[in-house]
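First chain written, first letter: the chains are A, B, C and D, and each begins at residue 1.
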Amino acid sequence: MSIAVIYGSTRENGNTEELTEIVIQDLDVEKIVLRNYEIKPIHDQRHEDGGFSPIEDDYDGLIERMMKHDTLIFATPVYWYSMSGTMKNFVDRWSQTMRDSNFPNFKDQLGTKKAYVIAVGGDNPRLKGLPLIQQFNYIFEFMGISFEGYVLGKASRPGDILIDQVAFATATDLNLKLKDQ
Amino acid sequence: MSIAVIYGSTRENGNTEELTEIVIQDLDVEKIVLRNYEIKPIHDQRHEDGGFSPIEDDYDGLIERMMKHDTLIFATPVYWYSMSGTMKNFVDRWSQTMRDSNFPNFKDQLGTKKAYVIAVGGDNPRLKGLPLIQQFNYIFEFMGISFEGYVLGKASRPGDILIDQVAFATATDLNLKLKDQ
Amino acid sequence: MSIAVIYGSTRENGNTEELTEIVIQDLDVEKIVLRNYEIKPIHDQRHEDGGFSPIEDDYDGLIERMMKHDTLIFATPVYWYSMSGTMKNFVDRWSQTMRDSNFPNFKDQLGTKKAYVIAVGGDNPRLKGLPLIQQFNYIFEFMGISFEGYVLGKASRPGDILIDQVAFATATDLNLKLKDQ
Amino acid sequence: MSIAVIYGSTRENGNTEELTEIVIQDLDVEKIVLRNYEIKPIHDQRHEDGGFSPIEDDYDGLIERMMKHDTLIFATPVYWYSMSGTMKNFVDRWSQTMRDSNFPNFKDQLGTKKAYVIAVGGDNPRLKGLPLIQQFNYIFEFMGISFEGYVLGKASRPGDILIDQVAFATATDLNLKLKDQ
């Protein structure tokens, strides 16, 4: 097993990253920290004659790194009851990659992978984070990715996540499961 | 009544815009087309000593235009079962505006407004668009905005939206309601 | 095409029935009005040695009537943000029927059918009825039933439904679609 | 603190009850096992001249027992992606109790209580149980009940629940929280 963590948070050492540390403890993972790269929004050209124009930014390189791994962990703060815009722009671009001859089997290859979601929010995330989980579920379902589990944590100020016992227990359990594979 | 439409789509004359035209027929609206502006992702500095640093882009001007109106229509294609990343980055920045002394009563003022959502997707939107509607509901609830209604339309290729009779009927009904106010 | 309507409401001529009348106008349907029959709650004996014991009530006869049709319309008031307990007891019993030698291909046969949901509630049904629609979606998905559409109407007092223009338009459109098949 | 557990399952010693045992370990609780009582479906007479007719069954006695406690735990198997019909009939009847002069402050008193949900299902409950949680959330919100937490467990055959580590950890944590109050 080989793991990539895709980070959607926009500040360093936030609660999402802290909770993710529990999940990946003693595991060798590749960290893809989206905020450190330029990822332009998709420009929907699906229906134009020439299809999508190539975009100059860091996105393709990130996809190459992600695709090397069979297990993907999407770690995002809950911003306005969904993933961060930074992560959303990354996911939106998948529509282009699905039609990109440089990634000929993108969807098929994604469809062999397993995924987890870690999301941390301040406003009742175990209830108000449910639409976010359902969105990820539909994304994974569309791609054929197996949705293996998620952790919803509650935190606002730095360090808060350490007092969310349910998130801690769930993250610990997930860590054991990952180590077992 | 005074209406602003905030457009999240990334191509011109798409199905979302076409469906929105039915909703705003014979109404005077201000169109805020997000793709025509630079909107940087939020950098979460809520917990830093100096708070948020000012960001140089077009965002503040768009907020000023939006805030002049009492009714807001959020019109977005369904990208990966949520609003477009372009619109998400716009909404994410509200977290900064809530702490921006240039917009001293941002949340209170938003809390006096009414909102509608128009979303068009290709993959069973009347079911798989429900998490998106629930997400908008939580956003509006947090801000105190009154969520007055929504239209979910089904379309993929240009022009498809015209054959979605339920969306057409719902959009027409919404147009009558808006004209009546 | 042959249609059965399964009614979950507990009073006559309620708003759910009134809205359903629009959907089935000029169509020949079999009406199965659950409140007029005795339907005992399921007793979960899936894991007992002898399996389920036969239950003496009207349920089997209702299933026989339902199974004769290829299109099913589930029409229920929204009671506490889900289908009525009367309809829920009817659906719960499907778990027994799936193991009943008198209905040897129950699940396979259901999996050839199309279904619609009509639900009417008083408390913001177009938002708070969404979990109900998602529940029906999972039920149909499990059985292999094709979920063809739904109408959510808003009404509390008798006759209220007539002023819900969106529900009226959606129901009318559904009626045209059914007549066309 | 004083706790009532309302059980919706229809067989003895099922997985839902087993998981609930972890939550209530070393706590003094009143167990209300709905399957042992007669609870008729509601007959919606809200809009009839004389209002609701009294119903002869065990329901009122169960409400009296439930109302003595300040913390309510609703423990139900996930039947068809929602609470059991047995529990649903119990909740449906609240609409009558709200208009019953024998329970003059029913809604106000419920609005002072805290509630938890424990639900166990076999078909991917941590995803497909989310509409059930959202439904309970709306129920509690309507009544003013504070929704304090939930446990979703995965199990089909007797005893399965013991191998769901996340459910076990969440239940244990909830037990500590309850003992602490």
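We adopt the following convention: a residue touches a chain if its C-beta (ideal position, glycine included) is under 8 Å from a C-beta of that chain, and two chains touch if they have at least 3 such contacts.
Since we're looking at a predicted model, the values are computed, not measured.
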item: Common touching chains of chain B and chain A; value: none
item: Chain C against chain B, contact positions shared by both copies (same if over half, else different); value: same
item: Longest centre-to-centre distance from chain B, chain (CA-based); value: D
item: Centroid spacing, where centroids are CA-atom means, of chain A and chain D in whole angstrom; value: 35
item: Per-residue multi-chain contacts in chain C, two or more chains; value: 130, 134
item: Residue ranges of chain B in contact with chain C within the complex; value: 126-127, 130, 133-134, 137, 147, 149-150, 165-166, 169-170, 172-174, 176-177
item: For the chain C and chain D complex, residues of the former touching the latter; value: 9-11, 14, 35, 41-45, 47, 77, 79-86, 88-92, 94-95, 123, 128, 130-132, 134-135, 138-139, 142, 157-158
